[in-house]
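Pasting the structures here.
What follows is a pair of complexes built around chain A, which joins chain B in one and chain C in the other.
Our next item is the complex of A and B:
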């Protein structure tokens, strides 16, 4: 039971990291990016080829190094960011809304097919495996204590990411990004270089996605095209929407509800004879129903995005206003009104 | 009076439609310049060309002596030329206060690494000053009690005032107002007239596109009249009544400001 709980929490933390990255792109900058899982996948693949050592026949893949796990993760994150820079530079230049989404969807399918068909790259559809218990030897961990260590690692990384994105969110950088989401032309009229700002957000978000992918590779110890399909991105979108688009705490809560909660709640349903696909199908149906209900009744999500609030009741207090965790001297209130 | 904005021989066509033809006019520093003309005269296109939202086929736009035609809108804006739009373009999900604070473009404070590192002491002070300034501006426009409200929840008239508030925060050298009186009632109109007149003393010259002629008569020093993509007259408003071309193209039977009040 405890092993089970550990694995659920580990997976949840990894998905929360990915969702926080996607939240920068969709939640703040406002771009409905369908290529996001590509960055996650590239992070995972790169981590594997950098750690599992040279390929032995019949498997083939590039690099085949045996770098320490943290260094591999760092390179993986940079790779994801570079890929995002290329895709983003093309897709964000002139395209918005559904046109942007279609181009990113195209990009991720190219990547997906390429990874699957071009065997010398990441061993095609068979994928990569062999990353067992990263850093386990270094800390002298055996197979019973290792899952706890990896859970701790993932939670620690999640907390660091959460800290950093919260910082970004409350900064003028975050605020200016939101103004792009709200009205791009007005943002340009007030001096914001839309393309560069959106591209920055895109690359940062993809980097966090790649980090999530790297940890995912360590958790699964393997990765292949069947582990990721572009549809996976929808799960992340569902989590962000339910939790609260733009809100970091909301996104983490959304992952807890939509990824961990829903997945695990439907796991123990009674098996129906001759219908083994009943539970997964029900899970998808429930995801859809929950999404529709949220969009209809609570589009701002469970924990809506915060806004800068001036708490001085008279609004005349000036410099006496407390400056805490805020950009403009006004304190950041929890409510979203 | 020196020319702050010099538009020379601007051309723009869309397919077979010649939207702006040989458009030339100037807007002087410290003045309020009206830009009027019938629908389809090319006023909005001219604004788009000046502010960088569209690229002209030919012609030059000089702002403070520097050529700006063809530059992207954010570059033009950073040079001190800010425009508004026909319908108010607030950032709806952001608060009224955030809308004002974001009107000030501050590249250093908006950098990614700065954001990650956290604001310096001087920047915190700057933020506080900005907050005080924003409150003063909101107070002036009667929006102070709405400062924590979602900007999208404001009424149409309040959104217009918010737009003026953003201009006051940004303090550009020149603002181009695109039909600020659209859908505004007479009482609010009075407030907006005094706001427009208040821009000049605060260091912001104004170009204003408007169909409300009594308003134009009241606030402008100089009026540019466009018709069919060309500038057909450039003179103070009271001299336009005697200009037959202007009367034919646009004015017709022109009401006076007093008539509109009645």
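Our next item is the complex of A and C:
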């Protein structure tokens, strides 16, 4: 029972880290990015090829180093950020709305195809394995105490990420990102460099996703393409939406409900003979239904993002400017259409 | 040269299936302004309906009709149950797009529970390949292409020469203006989705016939290629989409035949990204006016 609880909590913390990263991209910056799980996957793959040592036949993969786990994680995060920089630089330049989503969906499918088909890269569909209990030897842990250590590590990383993200959320950068989400043209009219800001947010979010992926690799000790079918991204989106898009505490709550809660709720279902996929399929059906219902009835989520109050309600300037901004935006819209 | 012509022949078969699927997708988009991410599931459900009929001894024609009916009902249900409610409440294009992704997840996994996640075989007697001009086609492939041409022609007549088609064009250009002109826009949109579903379900049937196997996920994979064709032709534009479907279908077959079939999907998306980045409104804007403009 304790073992089970530890594993659920570890998985939950890892997913919460990923969701916090995606929340920067979707919750603050407002871009519906379908490539996100690609950065998670790259983080996991890089961590593995940097720690599990040289490939032995018949497996093949790049690098094959035996670096210490923390260094491997750092390099993995940087690789995810570099990949996001390339994809984001192309996709964020002119594309918004569904066109952005379609191009990022394309990007993740290209990655997925290459990781699966191009065997010399990450050993194709068989994937990589062999990262057992990272840092376990260093701290002299055995197999009974190790899961507790890894849970502590994941929770600690989650708390650090949560702290940093909260700081970032209230910073000028975080606030400016939300202004882009609400009205990009108005924000541009106030002198915001839209492209660079969105790209920064995208790369930071992807880096956090890569960190989540790295920890995930350590938890699973293996990774292959079936672990990251692009469907996984929808689960993260459902968690963010249920918790409260844009709100950090909401996102953590959303992961608790959607990832851990759903897992628990469907755990005691009767096993149906020769239907091993029944429980996971039911979980995904529930995820889809909850996603649709929340978009329709409670798009702000359970724990909504707090709206900022006008710190000087006596001055009417702010309101007037905001109205002007939206009028200008509307005019531009008609001009473009 | 001969080999290139043979590849072109196979490409035309892919193009026929792809064009139907892309036309259905574009019809859905044109009246609701929603890119339906659960479009692939219409094809999947069509394939399963055809499979069920075939298992019970139905012939090819009956299977095709069942596929169309299944796809049509599903599209109507998705429209009336989800999309229309979102559009009418003024929930924007992007949130509705996300909701259809949820719908797609639900349908896929219902199919997994009913039929299992594994591939099912769909075998029809293909008939001996016969030479038609420079091409080599089986009877089934000829049936696929002829039916695609007939359906496209019918669709053209419906859109251009019927009262319903006129309302469809009006709603696709400006839904509010159509409504104040006395058109029941919700009804037109629902009927258009039904029509799109009929075509999409049939496309799923001929896809299963041509590939020979299918699974709960095959519609979604094919949808990704459909998206390439529809965006290349310009979202919501029927003639452009048709041309986009033909070009992408043939290009895929050449790529698969000469380089590597495993990277087909990646190749399709490379085209898609390029098109979106260079000509986001489609390849054929500014040329001849399309049906919807």
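Following the convention adopted for this analysis, the second predicted complex is superposed on the first by the 302 of 337 C-alpha atoms of A that agree within 3 Å, B and C clash if a C-alpha of one lies under 4 Å from a C-alpha of the other, contacts with A are read in each partner's own complex, and residues count from 1 in each chain.
Simple rule for what comes next: a residue touches a chain if its C-beta (ideal position, glycine included) is under 8 Å from a C-beta of that chain, and two chains touch if they have at least 3 such contacts.
Model, not experiment: these values are computed from the prediction.
Participant: Is A:176 touching the first partner chain B, the second partner chain C, both, or neither of them?
Facilitator: Touch partner of A:176: chain B, not chain C.
Participant: Between chain B (first) and chain C (second), which, if any, makes contact with A:191: first, second, both or neither?
Facilitator: first
Participant: Scan A:249 for contacts with chain B and chain C and give back first, second, both or neither.
Facilitator: After superposition on chain A, A:249 lies in contact with neither partner.
Participant: Just to be sure I read the superposition right, which of the two partners does A:289 touch: chain B = first, chain C = second, or both, or neither?
Facilitator: second
Participant: Touch check for A:200: first (chain B), second (chain C), both, or neither?
Facilitator: The first partner, chain B, only.
Participant: With the two complexes superposed on chain A, say which partner A:97 touches: chain B (first), chain C (second), both, or neither.
Facilitator: So A:97 only meets chain C here.
Participant: According to the stated criteria, A:281 is in contact with first (chain B), second (chain C), both, or neither; which is it?
Facilitator: A:281: touches chain C, not chain B.
Participant: If you stack the two complexes on chain A, which partner ends up touching A:309: first (chain B), second (chain C), both, or neither?
Facilitator: first
Participant: Residue overlap on chain A between the chain B contact set and the chain C contact set?
Facilitator: On chain A, no residue contacts both chain B in one structure and chain C in the other.
Participant: Under the touch definition given earlier, write down the residues of chain A that touch chain B in their complex.
Facilitator: Going through chain A, the ones touching chain B are 164, 167-168, 171-176, 178-179, 181-183, 185-194, 200, 204, 305, 307-310, 315-316, 318-319, 321, 323, 326-330, 337.
Participant: Enumerate the contact residues on chain C facing chain A in the complex.
Facilitator: Touching chain A: residues 35, 82, 85-86, 89, 91, 93-99, 101-106, 108-110, 112-113, 116-117, 224, 227, 231, 260, 262-263, 265-266, 269-270, 272-273, 276-277, 280 of chain C.
Participant: For the complex, give me every residue of chain B touching chain A.
Facilitator: 51, 53, 72-75, 77-78, 82-85, 89-95, 97-98, 101-103, 105-106, 109-112, 114-116, 118-119, 124, 127-128, 130-132, 134-135, 138-139, 144-145, 147-150, 166, 170
Participant: Which part of chain A faces chain C closely enough to touch in the complex?
Facilitator: Answer in residue numbers: 32, 90, 93-95, 97-99, 101-103, 105-107, 109-110, 113-114, 117, 231, 234, 237-238, 275, 277-278, 281-282, 284-285, 287-289, 291-292, 295-296, 299.
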